[in-house]
């Protein structure tokens, strides 16, 4: 414990010295987030300085081993770092699907050669990754995917189409589920890694109802994917045809991350804030709306406690392995309800789509964005199926 | 009166459904004008067509050149507008303003109704002053000034405020902000000196304004109804508008539901049509039940209103609240059951969600009207 | 229309002359309801006089033809009679499953001989009937019933067990679904009629959570059921092995009746009444409870309109044939919610189970009784299945 | 502190679960005493056993002869009580009264705690005066009279009021009914002169009284805590009681859910186990989620209370409301999914529904506490 306190004061001092004041402000728009990659540019010097300081210290991926670009922090130290960063509202120095998704998969399933190369590239923000999972015909039923990689000896020729590839139009590489055996649904998928600059890859942004386009359709037209990028650096994670194991692991990881996020902004009570918001609009809460807010706050505060319990139990291996599905289900449904109520309090003001007063329609766009919460990363229906099967052990689930 | 459409009404429903599906559909109207960033938020061509069909003046007395129909008939048109998400000034011009003008003098009627009926003049209404619907509080003031008035104040959520030719404004001519009495309604030209509009696009691609009146000078003949006695006109206008908005909401709910049920019969996952999954079946069946009920109470409110029943006010709030809850359910289930593609702009289901949000807010949301039901019931 | 008004004034006069004041009071307990039957006794002279006047006039079953004990009223006349009875709060002169269930089945499927005998017995309150449908293993899945009637030429020998037989311990005869062909699930059931006094019939009341016992388990141990009770009076309705058609018709009729009842007490708004109730208890409504009542009243008043629309449409054949399922589903779920709210307003007083102040626990027992609403006559789940299949035409429903 | 049971607590949970399942189960206790029409509403034998296990005095300080445990531990016992629907005075005597007595003088503690801990003396609490929980209004009055007081007023919903030996009464010694201050708590012998009990059986077969105090004379040493300063004692007692009732409610919810999930795996309809039907699966999984959350927030409230946190009051109301909503869902789904047999007295699921109803009402229902959450949050 004494060590931890030492670490805390050192960290505090380091942050004080290295995190520029501009990087201690809340993230206001997309440009405030640094995603890295070949084509990345910094918004300003402060963003660059903060990023570079973190790379040097291993703080873009603090819990990863030092040899892969991390800082090798223990879980307790990583928590201290998170707390200290949160204390000064420090922005994340780097955001990426490499950090959140591919990294954990490589740490679990990757070869030493893959880790050396890809993890370091991620940690240093050199390569921006995107995820190629869903296809138009396979959403919840991911395993029915059709994108096919034909085996040509030392390479595959990949044809097919992915959908919901996040920022594919800005990504450098993709980690992609490709069918390599048409005879086995589960054991016929390979978790491939390849360059988005390969010939035959095209992307098309998808316009969402919120007006944003964070996702793309991505098309593969005879894309040649070599089976290896050098010694001990295969172009796939895990084994050929066993990519589903990797994907399942990552889906669980993703749900855990989403559900773990429940402890933060998502779960807070909103009634008091809404009363102030109404007052700012020269108004007060309708009695029935107030009652709905009270009922919501009961659920939100209770869910916050659950989030805390869940994280505590995860740490010591007490949580049911399928519990992240429950957390994801409830957390996302709650968040949708939260935004419905916020829209109601905001009234006609919150309907505005482009006005300056609403920062370009932030309330409405944010509200619409939440509707994806219960779809992405496994729909609420799939979550309920998983609970039925794995926790309640219901027949035929 | 039986709670279903009589033969004439059924025929009107057929006509309206056919016309709106053909001319007012999403591709031809909502997306067309939205994608062109049209600042009016609706198509004038369609509006003229609706005038030619007689829709625009259907609530206006025959003596005044209208069709002299009732709110059941207006509701039929509105339901089809809702189902097709058709942008038009029907609710503001042909329901709200037309109802207000009914209370005007012959002079007022003669001045405004012919153009309104012809679709040449579009009316907006300016009621709300804060972000929520609070018609019991009116702070916008019209001070006596010579033979006329000077109007000052700010109104919000003036739907069609930017493209309308005339605005019906509820203002205070005496008393204090929360008084019941002392209200007067005025017909104000959109371009009158001293008036300024801050036009904003709303989530459903419709246009509304924050409209500021800065000592706008009005003649005495701008008054609709009695000076200081405008509360009754305002109430009548709100009543008609709420029942109309409920009817449009029923259309939104039905449109979203139909689209979703169709999708359940087409989309396959896990080797089965998703409509085969019992959990979705039960939710769809629950939604169907709610939509049927919302529609029934809306027709009930229309009939009571047409019959001049004292019950109409209560039933209008019941209908507005019930429809708001039901259409909300319909669009939420719609997007969720569509899954990822439900989140894309390419699919129409998201447009229903956006329209529902704006429509439910207009003239009071489910919370406002549930509370009103309690108050009118004495608790 | 003039005729109807004449009928109305005549009816009014007749009621004035024949309905005793004691019979114009709300029904307070079971004894206030006259069920008829061999063992029936009248609670008092007024009940007897009212019943006998109605029998003489055909008003126990006003819409049945005169030759079967009814008054042969047209639907419009029957409505006038209902309105006039309701105007003076006249109690029903006779309640029975014969009137509600068997009668309609016989009118639809019975032979002339059956109608002459059984309908007249029902109209005169001579025979009290009970219904033998459900079995312990077949609730929602009624057609899986196992009670078996072995064909012995001129009679069957029936063995098996029924459950939820209403007032079987007080009934004279039973209309009962019996399997007569084990090889055909649907076309192997006969709708039999027989005497509960037959040898081998025993009944056992079921104690409900409300403390009442309106239902029995009924056992058939080698019960001999003759195939005919005389010329043109077969012991079954419809054809042998085609009892499922009759049962389905009756289930539909029952749901229609239950859903039609929605227009009355069940659908009324309760908020104002609850405010008065709270005041009587020296209390006022909690703000959140008030809001829930408001939301309930919106739903209840909307459902009332739906009930009206449904009845209007039924009259002219405009209602979807499966619409009664929707009405039953929503009406029963609403009624459960209503009683939950009434219990909440009543607070600890409404918890009392035997006290005089609560009339022997009426609020609590009534509340518990409503929980059966969404189970009996087809569960809410079955209703939703039917809507999915017959109205929405969903695949595989 | 992590939000799960530490090793000691896990051990206690095992012990409590085993003991209550064995000795406190529905057949042995609730049905046994109910079917004998027992006027106490619980079994004294079991209560003595619970005393021998140390449960009765677990919240009492070790210095006063108790186990000096906290509300997490009391909650563990209460959850098992809830799961088994075990009738006992644990909540009133060992949680509410014990918490009040903590605030008493050494004299008061010495007089009452030994018998309470031994299970020889049962305590009830008299708080409510109307049919709903309104602790902010206390009209029962204790007038100064010589060295003591004269107590007059009527209390309702005094759980165990008939069989208890002592009743902790919250009365007003100064000020008017709605004042915060001016409350004093008294320990009143059940049989004191001038006291009368109208015992009523409740829906869950428990016994409660309407208790009337008609000039009941009390010595000065009947006072628990400070004269006129009883609000703090009352609040502490309510806080402990609400957190305790939440824990018992979690047990009721879990018991009902477990029984229902088991039933889904046994009952066949349409040739399939009903647990195979996806609509029921989803509802069961939703219920599971809610029960987990209700349990989490209850443990959170227990920990905050044990830590003396100022947040405890808010979280207690969150927990009481969340548990009330969740247990209600559990028993409603339970009865519905059991179908017809769920309505029979023979099956236990209906007993859960009855117990939930009475328990949720005790010390404030979901509406009361949701409103309290809003008020404590400043809206």
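When the chains are written out, they are named A, B, C and D in that same order, and each has its own residue count from 1.
Note that a residue touches a chain if its C-beta (ideal position, glycine included) is under 8 Å from a C-beta of that chain, and two chains touch if they have at least 3 such contacts.
What you see is a predicted model; the values in this text were computed from it and never measured.
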Partner chains that subunit C and subunit D have in common: A, B
Label of the chain whose CA centroid is most distant from the centroid of subunit C: A
Whole-Å gap between the CA centroids of subunit A and subunit C: 57
Where subunit B and subunit D are represented by their mean Cα positions, the distance between them in whole Å: 51
Euclidean distance of C-alpha centroids - subunit A vs subunit B, Å: 41
Geometric centre distance via CA averages, subunit C-subunit B, whole Å: 44
Where subunit B touches two or more other chains, by residue: 277-279, 281-282, 366, 370-371, 374
Per-residue multi-chain contacts in subunit C, two or more chains: 287-288, 290-292, 294-295, 381, 384
Chain contact graph, described as a line, ring, star, complete graph or other shape: complete
Subunit D partner contacts - residues on subunit C that touch it in the complex: 134, 137-141, 144, 163-164, 206-211, 278, 281-283, 286-289, 292, 336, 340, 343-344, 346-355, 361, 364, 367-368, 371-372, 374-376, 379-381, 384
Subunit A-touching residues of subunit D, taken from the complex the two chains share: 2-4, 261, 264-265, 272-273, 275-276, 278, 281-282, 284-286, 288-289, 292-294, 296-297, 299-300, 314-315, 318-319, 321-322, 325, 366, 369-371, 373-374, 377-379
Partner subunit C, residues of subunit A touching it in the complex: 287-288, 290-292, 294-295
Subunit D-facing residues of subunit B, complex: 277-279, 281-282
Residues of subunit C that touch subunit B when the two form their complex: 269, 271-272, 274-275, 285, 290-291, 293-295, 297-299, 301-303, 305-306, 308-310, 312-313, 315-316, 318, 323, 326, 329-330, 381, 383-385, 387-388, 391-397
